[in-house]
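By letter and in written order, the chains are A, B, C and D; residue numbering begins at 1 in each of them.
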Amino acid sequence: MSEVGFTTMGKAANGGEIETIGVGMLGYAFMGKAHSNAYKTLPYMAWPPPLMPLLVSIAGRNEEAVAEAARRYGFSEAVTDWKAIVADDRVRLFDNSGPNALHSEPTIAAAEAGKHVICEKPLGRDAAESYETWQRVQAAGVKHMCAFNYRFLPAVRLARQIIESGELGELQHFRGAYLQEWGTTEGEIWRFNKAEAGSGALGDLAAHVIDLSRYLVGEIGDVAAMTQTFIAGRDVDDAVESAVRFENGAVGTIEASRFCQGRKNHFTWEINGSKGSLAFDLERLNELQYSEGNAGFRTVLVSEADHPFWEFWWPQGHMIGWEHTFVHEIHHLLTAIRDDTDVAPHGATLEDGYRAAEVCDAMLRSAQRGAREKVNYR
Amino acid sequence: MSEVGFTTMGKAANGGEIETIGVGMLGYAFMGKAHSNAYKTLPYMAWPPPLMPLLVSIAGRNEEAVAEAARRYGFSEAVTDWKAIVADDRVRLFDNSGPNALHSEPTIAAAEAGKHVICEKPLGRDAAESYETWQRVQAAGVKHMCAFNYRFLPAVRLARQIIESGELGELQHFRGAYLQEWGTTEGEIWRFNKAEAGSGALGDLAAHVIDLSRYLVGEIGDVAAMTQTFIAGRDVDDAVESAVRFENGAVGTIEASRFCQGRKNHFTWEINGSKGSLAFDLERLNELQYSEGNAGFRTVLVSEADHPFWEFWWPQGHMIGWEHTFVHEIHHLLTAIRDDTDVAPHGATLEDGYRAAEVCDAMLRSAQRGAREKVNYR
Amino acid sequence: MSEVGFTTMGKAANGGEIETIGVGMLGYAFMGKAHSNAYKTLPYMAWPPPLMPLLVSIAGRNEEAVAEAARRYGFSEAVTDWKAIVADDRVRLFDNSGPNALHSEPTIAAAEAGKHVICEKPLGRDAAESYETWQRVQAAGVKHMCAFNYRFLPAVRLARQIIESGELGELQHFRGAYLQEWGTTEGEIWRFNKAEAGSGALGDLAAHVIDLSRYLVGEIGDVAAMTQTFIAGRDVDDAVESAVRFENGAVGTIEASRFCQGRKNHFTWEINGSKGSLAFDLERLNELQYSEGNAGFRTVLVSEADHPFWEFWWPQGHMIGWEHTFVHEIHHLLTAIRDDTDVAPHGATLEDGYRAAEVCDAMLRSAQRGAREKVNYR
Amino acid sequence: MSEVGFTTMGKAANGGEIETIGVGMLGYAFMGKAHSNAYKTLPYMAWPPPLMPLLVSIAGRNEEAVAEAARRYGFSEAVTDWKAIVADDRVRLFDNSGPNALHSEPTIAAAEAGKHVICEKPLGRDAAESYETWQRVQAAGVKHMCAFNYRFLPAVRLARQIIESGELGELQHFRGAYLQEWGTTEGEIWRFNKAEAGSGALGDLAAHVIDLSRYLVGEIGDVAAMTQTFIAGRDVDDAVESAVRFENGAVGTIEASRFCQGRKNHFTWEINGSKGSLAFDLERLNELQYSEGNAGFRTVLVSEADHPFWEFWWPQGHMIGWEHTFVHEIHHLLTAIRDDTDVAPHGATLEDGYRAAEVCDAMLRSAQRGAREKVNYR
């Protein structure tokens, strides 16, 4: 591997006062916890932080629970209506960690109130909703990010650098699968309800695969997909299977399922180029497999690399965890806000959120119509 | 894992004379070597052998080379016309290890001359040729086998036993990929010529994936496929990518490519059922990964199992190699001939050869027409 | 695996005021960063925390650097003399994250001033210094912990539960190796100086192996060791190799080296019992390998278990990182302080720190004298 | 990795008559089967063979069983007294595949009768018996080989080439362990009897580790060992644990045990040099792990290399099995006989058999005396 030439993240070592940024958050469950941890951790791990987050206000429907969340994570205030955050002048960054059905309206409202926004994925419940969200936020002129956090895995950034450097040659294949096992879970979970979730494994898991394939390989041209629902009466897909062709001629498969016993959080991808191959497994997120030419796969412990995400952490071989992707992601967003730089290409914007949704919709159409479908961006 | 209850292969311990069987072979290259080794090894590894093979005659177009092959492997005679073998009364078993274009006619002729036949895969260059071959051989009333040797991997037989026992529950997913790296090889190779090979990665590699998926999961109902040729001017596919749906409702992907740097002979498959999962990698062929329920994957060193293929070999943990699949396969065929038992279900018959070809054709049609295609058996 | 029966950590859900505890820290380098992160993370990850840490004061020799560290981690005050912390009434817990030569005196002084103490390993530069430290701190009647953080890996705690439950049967083997690669680093590093470090790979790396072997297998009876220094002029060991016998009859090897190219932070151990085996690799810290009987090794993703450390984090399969061991460790200590319970057996006390040092000394004696040495605890 | 520069084995392509060599074998159990397979396979796999083996005579104590073995493997004659083979003028090569107690006397007798000899390991039941055997065979002037077959693993030969080329730099560590699980087997097995076996895991398993360490790293200078017998009343060791120092300054550990549940045939070794590291696991014998410098370990599928053992087999990625080591080994011996070349250094001679025994004896002395022991070659 030649020198991959990372530029390190700018670190102002001025020692002067660090500018602050007020953060308002919608949601305090799984994603709210992960985002809160990022705001609290990044200031001392990436010292000095680009901006010092102040946790101003957190919104949730359950008054008692949101009050407890505020106390736990250190938000100054808890509210039961997200519109209070939109109206709060102390808030410069609106963090939407809520469920899918609450992605679009609050994100648009916050942006139109002049706040920068970060919104969890999938951006909308379908491509139309995602498009509307992107367009209106874009028109508001604020910084915007769709929280495809896996772009901020050290292994993924390293893969992107290797590909950009040309070391992999012409890209010929991408095969990605995101497999989990909890799909038989009973009870009323919003993720199994189309009105609330939009889709099943598709928007929840395949969207991650699609985003990384776009980040690493390029735009997807067309798809030939099938979906399957294993549990009778459920109105979302339990699994999606697709052949895909990229605009640059690479072909491959994209798959997602919640019905794979023994696969806890098994997001794997492999890219084959004319000069080498890369392979990754999220359950071993500190490793990237790299075959230079046909030399055989080398376990690149990404902790060893001179890497923009690594300077924050520990010496080589001291593994980082899943949640650190959010630290890197929000650090990236705060830097873009401070410096007025682009969130793209390393960060996913709402446009990227929309584009992933458009691919998801093409897969659904293909599955329904039994035909190969072009991805047509509006 | 409960007891998988293998029945051991019948071993006549009579000590009496072992009946012989005359073998005539077409081809002496890669497959001819692998088959010859099997005939020579099985009599003492699987002692006593069901029938004692006598290597009577071998056919090839190059007079000098085929004479050398006869000397090397111990065939009594070398001929340059395979029809001499068909006409040879000493030959009871015709072994077709020749290239694809020579699969159909000699195999039919041998069967119609009353000889049992084993033919390398793919059975024909397309489904029509494969169907004709199967039908005429079947009509001749001889034993017939299509040499899908991977059915005779210990790990695959063990997987079949686990599935048959119901331990995996309802089957929900199959994902198989056969990846190699040598597709950029230059020069005039018959495998890159449609008239001689029929197809590219499809018939050469995907056919193996299809056969194992049929053996382990069941019949494929429909496919949504794409093909790609990376080298300009080549008239066969370099890669095939397909979503598949099985008749039992399982869904998944099947893929094959010769353009995956670092992947030497990387045939991987995974099966997810409602009660557990199995995973396999041909490059670690002595291992089967098994998650009982969601307990996590256990490396079952198949050498440890009480296994029908293992009794021939070594104590547990003493690994066997790729070529041993042929030893098991031909042992199975000789047993069927001796006992007049069915080659199916563990051995692939010419019907299985035809059925794999029909799935391949459906993938080609799907790729050409841009539509999902049903697999229609004639 | 039968139910391992973890008892979950007590979580008072009273919602009332959380009692605070003032923390004073010595050192702000690698370990200071890891400990600071733990104090800052645990309150919201393990909500509510047993005690709410208040970062009162941090000490370091470089005035400017320690002031920056205080600002970075949020300590109220920075001092250049650790005695100021010992004299500070706001401090109830003294955290010694300083270099080896500064372990003994400040820790004793803090304890004798009535503060609870946690001290990085190795406790002292030799067994005598460690013994003195333990004895005097013990006499002071405070809670004390030696920061052998690897006891707080989820995989290690799970291993201990499996062993305690009897599932492994009689323990027969322990083999542990801690291998790194940076030993050729040039320059004046205190770790290469005997006066400052006490020993080389022995106290730095082998001490971890020894502590885990004592935690999981039991007391070591005798050792037969060799040491090696590869760099001329260096007065500490670069590597130590030892055969070991435990008091319960188990035998094995313990090894540590800083001269293993490609091994970043490769701490592996394996335990064989009459009924099963366990294996672990720190570079894959979210995995524990477990063979029940001779069934073959299963990858237990420890994130899946119902586990006392896991409730703080994420759903199964969302990997945690190296630094989370410190979060668990300090949570354990704060719980012991709040409830006045024993730090042992899951936490290492200063007695454990001393005992590891005694084993290290026995290895050095064995290496020097060329004889097997008994571990004689004072 | 630079070009490792294998020279291919000489293949006379003369097409003329191939010289034959009469083989007489003692023993027809596990090792007899493995050696017989090698004699039968090598002529066509390594075509043309250096000499064409003729299986003349096989000896065993059980008249019926040895007759069956002769029939099975194709020996012309079965005898119940090995002296008949020694007296048989048709035999030029005496293959001693018998149990340990029958290694010395028949091997000496055969050599003194002018026959070349290959003898299974361990050469003798102790160093004295091994020395006597080597000396008398050496004096007879015949070719001699001790069947340390793991030298003929493709991965091991490749490792030797890498080391010889200097790519690993100065060697600093060797750690090798040979672990099996069957030690609790009940019944009267000669391997548990000192008079018949000489020692337990030491001569059976550790001898293999010692031989490979000598082949790859160099002579062992001194050892600090412990042994353990877990089953009361058994008079051989069940496990041996040793620290070792090589004459070139490398240090490490050597271990062998039959009490490791889940470890079927787990022979692992790792070598660390100043410029890189190699690692190997016999249960994945087609793989060699190689870290060039600190680049991280690359899985070298040894089948891909331009390798002297590989030309006999299959295209890259088509795995070979454990028994192929014997094919390579006996091919090597026949070549040495035909060309009157040295069996060393790639083949183990009886001197190597003796030297391994001397190291084993030093480990036993060290274990008994509780002191580090020098390996003193006579």
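Going forward, a contact is a pair of C-beta atoms (placed from the backbone, for glycine too) under 8 Å apart; a residue touches a chain by one contact, two chains touch by 3 or more.
Just so it is clear, the structure is predicted and the values come from calculations on it, not from any experiment.
*Asks:* So which has more C-beta pairs touching, B-C or A-B?
*Replies:* A-B
*Asks:* So, comparing C-alpha centroids, which chain is the farthest one from chain A?
*Replies:* Farthest chain from chain A, going by C-alpha centroids: D.
*Asks:* With chain centres taken as the means of their Cα atoms, state the distance from chain B to chain C in Å.
*Replies:* Centres of chain B and chain C (C-alpha means) sit 54 Å apart.
*Asks:* Return the distance between the CA-based centres of chain A and chain C, expressed in whole Å.
*Replies:* 35
*Asks:* Need the CA-centroid distance for the pair chain A / chain B, whole Å please.
*Replies:* Comparing mean C-alpha positions, chain B is 43 Å from chain A.
*Asks:* At least two other chains touched by the same residue of chain B: list those residues.
*Replies:* Those would be 263-264, 294-297, 301, 304.
*Asks:* Touching residues of chain C toward chain B in the complex: what are they?
*Replies:* Residues 1, 294-301, 304 of chain C touch chain B in their complex.
*Asks:* Once bound in the complex, which stretches of chain C touch chain D?
*Replies:* Going by the criterion above, the answer is residues 172-173, 175, 177, 179, 181, 184, 224-226, 228, 230, 239, 241-245, 249, 251-253, 255, 257, 259-264, 270, 272-277, 291, 293-297, 366, 370-372.
*Asks:* Quick one: in the complex, what on chain C touches chain A?
*Replies:* 15, 30, 34, 36-37, 40-41, 43-45, 47-48, 68, 72-74, 180, 263-266, 282-286, 301, 303-304, 313-324
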